[in-house]
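What follows is a pair of complexes built around chain A, which joins chain B in one and chain C in the other.
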Partner chain A sequence: MVRYLYERILSAMLTMFIVTAIIYTLLSLVQGSALDVMGGSGGEMSHADYEAIRHNLGLDLPVWARYGQWLRNVLRGDFGVSYRYGVPVGEVIAQRFGPSALLIGTGLAFAVLLGLPIGIMAAHRPGSLWDRLSSFFALAGMTAPRFIICITFIYFFSFKLRLTPSMGMHTVGNASFGDLVIHLILPVSIIAFSKMGYLIKQTRSACLEVFQEDYLNTARAKGLSETEVILKHGLRTAVAPILTQAMAEIPELVGSAAIVEKIFGWPGIGALMIEAIRNRDVPLIMGVTLVIAVVVLLANIFLDIAYGLLDPRVSYR
Partner chain B sequence: MPETLLEVKNLTINLKLRNRAEVSAVDGISFSMNRGETLGVVGESGCGKTLTASAVIRLLSPYTGYIAGGQILFEGEDLTKKTARQMQAIRGQKISMIFQDPMSSLNPVYRIETQMREALRAHRKVSAKEAHRISAEMLRKVGIPLPETRLKEYPHQLSGGQRQRVLIAMALLSNPSLLIADEPTSALDVTIQAQILDLIRDLRDETGTAVMLITHDMGVVAENADKVLVMYAGKVAEYGTARDIFTCPTHPYTQCLLGSIPRQDLDVDYLTTIEGIVPPLEQMPAGCRFYDRCPLRSDVCQEGTPPPRRIGEHVTFCHHASCVLP
Partner chain C sequence: MKRRLRAHILAMSLALALTACGRGPDTSEKVINMAFTTAWGSFNPYYSSSTTMYELSLYDKIFDKLVFTDLAGAEILPRAADRWESAGDGTEAVFYLNQNASWSDGQKVTAHDWVFTARLLADPASAFSTRVFTHILTGTNENGVLLDAETFGAEALDDTTLKFTFKERTDPEDFLLHYNRRFLVLPEHILGSVSPADILKSDFWRNPVGSGPCVYVSQMTGSEMVLAPNPHYHLGGGNWDKLVLRVLDSSSRLTVLMSGEIDQIELGSSISPNDKPIAEANGLTVRDGLVRNFFMDVLINENGIPDRRIRQALHYAIDKDAIIEAAAKDVADPAYGYEMLNTEYYDPSLAFPRDIEKAKALLREANYDGRLYTIAFASKRENIAALLTQQWKEAGINVEMVIVDVATMFSGLTSGIYDLGLSGHSATAYSLWFEGEFPANNTNASFIMDPARASYVDRIGHAIDKEEKIALVKEYQKYLAEQTWFIPLYFAGEYWVEPTRVSNIRGSASLMCNDNVWEWYVN
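Entry: the complex of A and B
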């Protein structure tokens, strides 16, 4: 087990190296640098100044040299300074990490809490009205483009019904918990709604498979109640595949949360990423990339361990 | 006078089809079992053996079928009238069931001990320690070596034969008066089959648990059953003591079945075969359901279901019933 973990972490680090190298190279291919975005060569900056700043930032070096420099600094714990904000990348990200974790975590939690029971009930009575309704609901959540859901929700709940604010994390000058919750409602329900679709589908299909297993009949023949049979024997075995799928959604979730964050002006990491890309803020983009990659890889390692705990047939060798 | 344990009267099980129509997959069958007796239920796949057994323990899936009529009198009480909660108390306690495929009949994520303890605790309060002791003893009884070690293992660590033994042990924990064994050996290889059947027979003799043994193997029936119920397409073809059925089979279907078994004591060039296949339930002949395939068919067979012909306990549903030794 320890050896397995060790190997997993090593391979995760290799993955990180490859991911960052690819992204760094791709970034160098993007037209325009941070300088062009900020001042532009034809703007107020003189050509000499432009070249001087370019040299200072190291932008005149070839890609591989810049990447090597970046990697060396990162290994020393230095993520560089954001071109745009002029403060260390670590600080910028630290500020934005919390709100994102809060938004994505709450959204995913609601998706699981609602999606699991809906999926289980659908699988328990396949073809029933409940099954068909939940299937329609799931399909709507899965297929509707996120920005359209965002705009629809804002139109009805914020604009028409005036129930919830449509922007930001706090009302200015009000840092209370209640205010935070009110601001959370819309973005969280959008994330929960779109993720719940996948979860309902996955739970339903995992349960449909497990519910046909012979050992459920053995459990019934023992004299257990139907609830015990479904929860202790059915769901318990279905949980491993459902968990795998839910975890596999995390990378996608980070991406889709970016859209929600941007639309709702939520000060999260996804919105930060979009801004950083627009500003060609290479150190910040790389920092965010690294954080997202670490989160995804950690989630995968955690998932593998959880899988082994949930299913005794899995062994780590 | 042996005491009647189970009496099934006119049991009819309907299946729901896609187009909302219904067919009777089991149609008005009757039979009875005494305490401590083994009843062999034989017939081809799809003849309603498993449905009948599932109906007795009331485990018919509500989406596929339901009991449309008849009575199931178990220890004098009609099981068709029991509520779900009442049936829960009967299942595992008075009536147990083991299934065809031992590989998939144990939950892969729980230890053997957990699954056996659960079966015990469904019916009485026992401490974990006491449950462990009872389970280990039961495993020893079904011939599992090192029961203490096995209890701590997961199903995938046991062989198919051992798993079936565990399932039998689990089914007998509360000393039920009826054990339903639905093709308990079909998924096992031949040497293990004999061992499992011997085990079931020994346990029956020891505990007095009656056994409803479902199989399509006439040889298994001959060796184990006291009574035999031959089913064809959801109806009883012939029902009687094993002695009657094997020495004097009167239904042509039974005769064909027996004739299709290779025998060492007879010198025949060809084994009997039964022409054709069982017709789909929606297209059953109006009269005798065996009509299309019967070597003895005549016009009278098309006029309604053949009436029962009885000699003592031996019943045959055939116009042409006559004892023909194979």
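Entry: the complex of A and C
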């Protein structure tokens, strides 16, 4: 197990190196730089000042040299200074990581908590009205554009019904938990709604397969209630592929949450990333990329460990 | 086991309830909620990673400016300067500063602070990304870099009298219209000890001391900022306690105004013509903007389309009324040059009425070979670009559309990747406002390095006699129309939502990147 973990972490580090190198190279190929955003192309700066700032930012170096410099600094714990905000990247990310983790974590938790029972019930009575309704619900969640869902939810719940605020993480001057919860309701609902579809589908198909197994009939013959049969015996076998699906959603979730964060003015790293790209803020883009890569790789390692704990047939080699 | 579980659940519920009831909102505070659709960067007004009006609007609250401008510059009111006058045969401008102006730490603002700021901008070692206006002062080179400290054209005659000496005759009001919004005073008593080369590293930018109407309280970087009134502000303060700036997506503008979560949106709470009936149906009061100063034009890369006849054909092929109908409905007028309709420089004789046959004739004359041009634009201008492309197609000009962000568009025009671009500008009453977009001495997206143009700009800039200036501007616009380095499309006003909770807001002034927050009043 320890050896396995050691190897996984090594391979994760290699993956991170490759990911950051690719992103850095792609960024260098993008039209326009931070200097262009500063007004370098619009005539704001003289040519001499343009060149001086380009040099100060290191933008006159070849891409491999810039990446090498960035990597060396990162290994020393220095993520650089954001071009736009003028403060250390680590500081900006530290401010914005918590809100994102809260939003994504709560959204995913609700997706699992709701998607799991809906999927199980759909699999328990395939072809029933419940099954068809849940399929429709899952399909809607998977296919409806997130942008449209956000606007629709805001229109009905914030504007028409005046039930929830439509922006921000809290009311100014109100740091209470209740206020946070009220602000979380809409964005979390959207994330949960859009992620639940995949989980319902996955749970349904995993459970359908397991529910046909003979050992469940044996359990029933022994006099166990249907709930006990499903929860104690059926679900245990089905949970591995469901967990895989839930974890596999994390990378996509980080990306799609950016849209939700942007529209709801939620101060997360997704919205930060959008602004960073718009401003060609390379140190910040790389910092956020690194954080997302670490989260995704850690989620994968966690998934591997959880898999082994849940399914005794899996061994670590 | 069950009992222990119950006890845990009970304890958690109690903790949650207590937390929820913890610190509730302070209802006695008068909070004004303001939204920005683009996040601000650092507090440094001279090293902004973006020169957007949004950031200028933020700096305006922390740092003071010489004057307050409204109605696209038609109205210039005192702010840090009580009055101003031209001197020295038109080459000098003297500003008489308000004696009560103070920094937020209580120290007095003096003319020396203004001179210090100008010196810092001109300093050869300065790490700032802009020198704003120092190139027009004596003692500097064409880029605004200080050459001779003795003759440097910024001088404090006494604590409250500031004098600028220009290289050429310059009308003080022209100076103010052009540079006021980007010239913000910095405190010498704090930054005076910092080397110009190290100025960006100063902690000052994290918690700045300004002499503007607000003081910084706190922020979540790039997402939310809390400001409070500056108790020392010489023009006074409104009746509010906190001004909260929040970043929101532009698609939520109307919703947050309708739900009352936001009192004011940056640059005047404007909404699109399509949103007007919805806003009114939901109880909001929508007003027609007082000025139509949003200038939309097609940028042309002269290197990409060097033949003037093809550029003119592009202009003749455009139906500006159709563009206006699609983009701005009844709050816009066709533009015939870069000067606004309500100025004396406006010249309706420069109209390029749509004439497809003339466009085709010009193309034949220029031996246009059907080459495919590329127009770049931001996604929000897609409807305009689509119409233009269609209209050009009718004249036989092939243009493909590329949706990019603004930085990419300007960079692509400069590097020659794109031939055309779509750009919006905030026009002012200053006769040469558009030159700021394409200064002759620097890089510019259209590669216009024309001596005749530079000569016009020079003569207009230094003309003090009004009649002479008007005649020169009209002549210059005619020249620009002949050359067609850009195609003016329209001047638009805006529908803006009148706040219900806050009064005394000058919505039209917001478009000049200044807000009269010291007069805002929470009802």
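What we mean here is this: the second predicted complex is superposed on the first by the 315 of 317 C-alpha atoms of A that agree within 3 Å, B and C clash if a C-alpha of one lies under 4 Å from a C-alpha of the other, contacts with A are read in each partner's own complex, and residues count from 1 in each chain.
By our rule, a contact is a pair of C-beta atoms (placed from the backbone, for glycine too) under 8 Å apart; a residue touches a chain by one contact, two chains touch by 3 or more.
Computed from a predicted structure; not experimentally measured.
Colleague: Report clash or fit for the pair chain B and chain C bound to chain A in the combined superposed model.
Modeller: Once chain A is superposed (C-alpha atoms), there is room for both chain B and chain C without a clash.
Colleague: Using the superposition on chain A described above, determine whether A:Thr237 touches chain B (first), chain C (second), both, or neither.
Modeller: After superposition on chain A, A:Thr237 lies in contact with chain B alone.
Colleague: Does chain B (first) or chain C (second) touch A:Phe159, or do both, or does neither?
Modeller: After superposing on A, A:Phe159 lies in contact with chain C but is clear of chain B.
Colleague: If you stack the two complexes on chain A, which partner ends up touching A:Ala65: first (chain B), second (chain C), both, or neither?
Modeller: neither
Colleague: Based on the superposed arrangement, let me know which partner A:Leu5 touches: chain B (first), chain C (second), both, or neither?
Modeller: Once the two structures are laid over each other on A, A:Leu5 reaches no partner at all.
Colleague: Have a look at where A:Gly32 lands relative to chain B and chain C in the superposition and call it first, second, both or neither.
Modeller: So A:Gly32 only meets chain C here.
Colleague: Residues of chain A touched by chain B versus by chain C: which partner has the larger set?
Modeller: Of the two chains, more chain A residues are contacted by C.
Colleague: Give one of first, second, both or neither to describe whether A:Pro267 is in contact with chain B, with chain C, with both, or with none.
Modeller: Second partner only.
Colleague: For A:Arg280, is the partner it touches chain B (first), chain C (second), both, or none of the two (neither)?
Modeller: After superposing on A, A:Arg280 lies in contact with chain C but is clear of chain B.
Colleague: Who does A:Gln95 touch here: chain B (first), chain C (second), both, or neither?
Modeller: After superposing on A, A:Gln95 lies in contact with chain C but is clear of chain B.
Colleague: Report the closest approach of chain B and chain C over their C-alpha atoms in the superposed model, as a whole number of Å.
Modeller: Closest C-alpha pair between chain B and chain C: 17 Å.
Colleague: Which bits of chain A are touching chain B when the two form their complex?
Modeller: Counting only chain A, the residues touching chain B are 126, 213-215, 217-226, 232-233, 236-237, 310-313.
Colleague: So in the complex, the part of chain B that touches chain A is made up of which residues?
Modeller: Per the stated touch rule, the residues are 57, 59, 63, 84-85, 88-93, 96-101, 104-111, 118-119, 122-123, 154, 156, 167, 170-171.
Colleague: Could you list, by residue number, the parts of chain C that touch chain A in their complex?
Modeller: So the residues of chain C touching chain A come out as 16, 19-26, 29, 31, 33, 35, 38-39, 41-44, 47-51, 127, 129-131, 135, 142-145, 200, 205-206, 220-224, 226, 242, 244, 246-249, 251-252, 255-256, 258-259, 261-262, 282, 404-408, 410-415, 417, 436-439, 441-445.
Colleague: For chain A, which residues are in contact with chain C within the complex?
Modeller: For chain A paired with chain C, touching residues are 30-34, 36-50, 53, 56, 83-87, 91-92, 95-96, 147, 151, 154-155, 158-159, 162, 165-168, 171-179, 181, 262-263, 265, 267, 271-272, 275, 278-281.
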